[in-house]
């Protein structure tokens, strides 16, 4: 694909990230409650001087612009997102906190997305291709139901049935803390065992969405002239689908999946809470309930940038899939 | 010419319009999926419209009469919550809240999305570029975290969450606004891309040649052909709105004084209903969410079948 | 090219096949060679730096890792801690603590009087510094209120502390003795301020003197502790203790049911009731050392103060409202009975100090109305009462979003409506609320724009801290949030801090409670109970602290941990073993008739059932229709 | 104007005839073809009893206004019908093999290898994400089982043949001009050296200059390869230039059929006359077609008698009662109109 395309994409991404950083600053200066009050909370015996001192320490005595903003930009660029106000990590660098939680979330949602995309696209493509067929009705019906179910509801259901009820899987966490493992496989097993339910929740939650997307996309494509051409060529249905319908149907789906990433995060949060999964989702709720603005800010930044990257990748993939946008 | 096989331009541009005009509602109802969707929505709409007539006024801790977390009984068909309030009563009243939030949010989102999408796609040029930049920007923002933050901010701005507009507390309208702000862009982007492809179609050129005004083309040639997209998008948005609302309430940003489905689910969870096997606490709200979103999607698909000229051609 | 790929595919499949069983296997036989006590808490595990402590969980973290100078026994009486004996001079102004000999820190360094001296001296320095507080500012008041002046070590290894006035409070000081050789490396700034460069978070492995010490910390998730090899006493039975925080109370209780946890702190009232009747689960309800209150803006509409009506300033008005609050109902309905109707601001937890007010406000709407009429708040045409400025009284009631008081609010709304007082209730984001509460004294730009609100306070083994909240000097500190100011109360507070004779001190404290109660600027709604639950199939010997009215863990000192014994049940808590009891809850309330909620199987199957039914209806319905639709299409 | 004899043409075939083929049978024989579409309202009789034949190397033009069933007729030959379309009667005999009763699978054998199609609007008819060359090579590889290399080479040759420079081999459809695309489309149609090529409005949506070039190309190919061509177009001038015979359809029926020069010089059927009359100049202008007053009949329940009656200037009572029989006149023109009654034993 042409360098110009690549460059343009990268440029856009860069600009977006910058805007996010700015927005991040603005938003969090608008948040209710001044940091020093939150920091000091209802600490007894706090004198006015102390508050003044705290303000200075956090640079809150300086004007928002330019001083605070510049300081913010500078530190952000250096990856310094300030210190956590609380939520279980009081006083720790936000960056550390985020990094600590990033892994589990990536694991859970990376795997979940992959699973969902594979299953969803396959299911969607098939039922779209065999539109009106039995599997279309079953698959589509199922997809719709899954799509209609809030993640955490799904999670609660699975939790009640398979963890509390049947006791097949643990109810919380990513591993058995304090457990000493026979070997790496054993440890892997333990993690997989913990991962099973949350992963199922995420994958199921997304599968419906993706298969619906793919189905409609395929249905659209099948009505295109070039598909008729392919049929006229006397190609087998399978081949018509594989080499003509699918490649074209994938295009819009790729975009939509990328677009949806922003929303997927919403699911992340609730699923993680339901299973007490030590990821960014739990962190967010945690930060929210303990007014840990720096962390909330960090999460916002991290997730946004993550989505930007995801979109960038999607764009590049699109460029790879669709010759028309390469030039 | 090739009408039945590959609907010619004429068919493309005229067919959906006429079909829309002339009782596609009848067509809709003829479709079982459409009928199913309509019925479900009708039921819930009824619940939403006159909850008081059906189950009396919203019960409060004070007016509650039932046992604590009582299972379903003759007196309380859906059991009671931890304050002895009838779940039936709560769920029905929650229907109103949730539906209103969902619909308002959907309206805002789709309206903005459709207009911006079509205009941006058709006008193109710098305007388009700018608009899509903005849209893209909103797209990458993690809706939910942004929603959390905005909720806090807007609430702080409008002050006490107890003032009401049209029987809906401000704190809930906040959620509507938040959903609108965070989800218009995807609608806009999707519709735009469709507009772009339509713009290239022969019949639009022809219309342009004939000298039709841009607004005319947009209304008469583009709009009819993106209606299905708009509908589909509205469906997704409504579902998304309900979901977002549910999720926001789930993490405690709802308003306990105006229970929505999400609020109820949250209450059920924080009361530990799942662990206590008090299924009657969360199943009604949960089922309602699923049913309504499901119904909306079915309806959307049915409409899609009817309004989408391509599909129409091949049916 | 083809064969290697195929091979790769095969290996992958093999891996999957291999992994699949391990999922189940590890589920079953967890190689559990160690005896781990797993504790779940709804509170955040904030910090391992004691000075930063805020929550009970935080306190528990340092309590078990560091000895207090004088600890607490299971009856909350002073017990040997870092010091094994202590005495005070006749004038109760010189206090001698004999530090136990031969103690070692977990890292093998000797633990001596020097460490104790260092710790107390650190506090003295902090109090002298212009900051005046360290970290969260919760610990140093123990010494300031005791009037500590100096600490020294004598040759016999005794810690000699002198106080500026007679006091008994030193033995109550809840301050961990820290290892000088670690902490002295850091400046007050680095210990006190999370934002400071080189802030000392006291990350694991923590060097402590207590029975256990933290070896692993995953912030916001869990803290893992192992036995301190150099602990002076008899080691505890658990090899490890894991503290796990939970966002969702329900998940936590589930985990206890399935045996993934052995102890949960802060379970909900309903789960608590349900668990009481579960096999292998013991519940403990303890008096809360704290209370939930209704605070009034007693300076409403004064210079620089906001608030909707001057009536709030009128003691008679606030007093009258007190008669319109049925505290018992709140306890019964909101707390499900797990609490005590509130009166004074020293909870019954402090059996020796709590008194009932002379003229308590009993729930009586008519009385409330009578008093309001008498106080000169006539009803307007719409039945609303009119304040001095002739405008109808509608009070804004709020509470922080971190707590759930919606139900309380609804009740209060209902009752106040009967006495012609409008109540406009809503949640406020906690950060915003903290901004809202303080008045001008706190800082410019603050003007107490609120009417009345609900929140709670928690206390120490000694009532001192609870009493100290309402002295006049706490108003500018935004702690005394109802702006209560009474010179008599302030004097009494000083007196009770200095009183050495218990009876004498009690007199003072009694009077303080009376004064504060009568001023009616706080209506203490209830003392909500501490609800804990624990499994008995892994550990036994759970003992409450204090036995009659407390809970085993998250108390004061660590006696309960040391009383635990191995129930030598199968060491594993793997769910399969737990299945028979899994989710075996009683109905939501003991009285619940055997409905779907009587046996474990019953519950889950019923849930399963319902879930299944719903899904079937939806899928089935939609599916059928879709199918029929399919047919229709074909016929078209 | 065929320059090659049937035998010669069949002899040039690079690939064997279908097994069941009768070497002596005529190339294509369509008898009483009925193709209907199911709508909610009922069956649309899009093609209702159309018969015609096509000889080797011959070019037949299908003319008529939109919706008269031209394309449906053509697509019925290889049964490329939408899901609601059915062939409800008649036969389509290729080399004497009736394709109508063939199964879908069996049908595949005949598509493209025997009958290929040049669709209109090559932009939409070409797969946008695949290189043109590959799209041309695809049927060669898939249908004729040629190696990757061979089919690629053949594709290149074909592009040469239709006059697309070699350097555009790797081009994607969107990188080609409209004319280029149409050429590529034609190359694709020739890929399997089919017995019949159907041109479905191949020149529509192309500007006049390009139209001319494309038609020229078709001419050329016909002469060099002895293509048998079915050209569907509303543009009579195109037929006049390219075809040997013309088949004028109206409302799913044959109105008139015969040698181009005869039909165009001396149109018998009033509809044909109108069609030609509607041509001020040789260059097509689609909108002038609608100059014929009135609308074609509703094909769900077509009127009794002649379907053109409603718009016919010479309408007679009989026209609205009896279907006009198809009459073969001595000059080889076939016409269905009561003005030309079957005179005793005509022809």
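To keep things simple, chains are lettered A, B, C and D as they appear, and every chain counts its residues starting from 1.
Note that contacts are C-beta pairs under 8 Å (C-beta built on N, C-alpha and C of every residue); 3 or more make two chains touch, one makes a residue touch a chain.
Everything numeric here is computed off the predicted structure, so don't read it as measured data.
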Selected interface, A-C versus A-D, where C-beta contact pairs are more numerous: A-C
Identifier of the chain whose CA centre is least distant from the whole-structure CA centre: A
Between chain D and chain A, distance of the C-alpha-averaged centres to the nearest whole Å: 54
Chain centre separation in whole Å, for chain C relative to chain A (CA means): 33
Euclidean distance of C-alpha centroids - chain C vs chain D, Å: 86
For chain B paired with chain C, centre-to-centre distance based on mean C-alpha positions, whole Å: 41
Multi-partner residues of chain B (each touching 2 or more other chains): 5, 152, 155-156, 252, 269, 274-275, 286, 290-291, 294, 298, 313-315
For chain A, residues contacting two or more additional chains: 31-32, 144-145, 148, 159-160, 164, 225, 228, 273, 285, 289
Overlap residues in chain C, where contacts from two or more other chains coincide: 248, 254, 257, 429, 431-432, 583, 603-604, 607, 611, 618, 622, 626, 633, 636
Residue numbers on chain C that touch chain A, as the complex places them: 18-19, 22-27, 30-34, 36, 38, 44-47, 49, 52, 54, 130-133, 136-138, 141, 144, 193-196, 199, 201, 216, 218-222, 224, 240, 242, 244-248, 251-252, 254-255, 257-258, 260, 402, 429-435, 442-443, 465, 468-469, 474, 476-479, 575-576, 578-579, 582-583, 603-605, 607-608, 611, 615, 618-619, 622-623, 626-627, 630, 633-634
Sites on chain B touched by chain A in the complex: 5-6, 133, 136-137, 139-150, 152-153, 155-156, 186, 189-190, 193, 232, 239-240, 243-244, 246-247, 250-252, 262, 265, 269, 274-275, 282, 286, 289-294, 297-298, 304, 310-311, 313-314
Touching residues (chain side chain A, partner chain C) in the complex: 31-34, 37-38, 40-51, 53, 57-58, 82-84, 86-92, 97, 100-101, 132, 134, 136-138, 140-142, 144-145, 148, 157, 159-161, 163-173, 176-182, 185-186, 188-190, 192-193, 196, 273-276, 278, 282-283, 285-286, 289-291, 293
In the complex with chain B, residue positions of chain A that touch it: 12, 15-16, 19-20, 23, 27-28, 30-32, 144-145, 147-153, 156, 159-160, 164, 212, 216, 219-220, 222-223, 225, 228, 252, 255-256, 259, 262-263, 265-266, 269-270, 273, 284-285, 288-289, 296, 299-300, 303-304, 307-308, 311
Interfacial residue positions of chain C with respect to chain B in the complex: 248-250, 253-254, 257, 267-271, 274, 333-334, 336, 396, 398, 401, 404, 406-408, 410-411, 413-414, 424-429, 431-432, 583, 585, 587-589, 591-592, 595-597, 602-604, 606-607, 610-611, 614, 618, 621-622, 625-626, 628-629, 632-633, 636
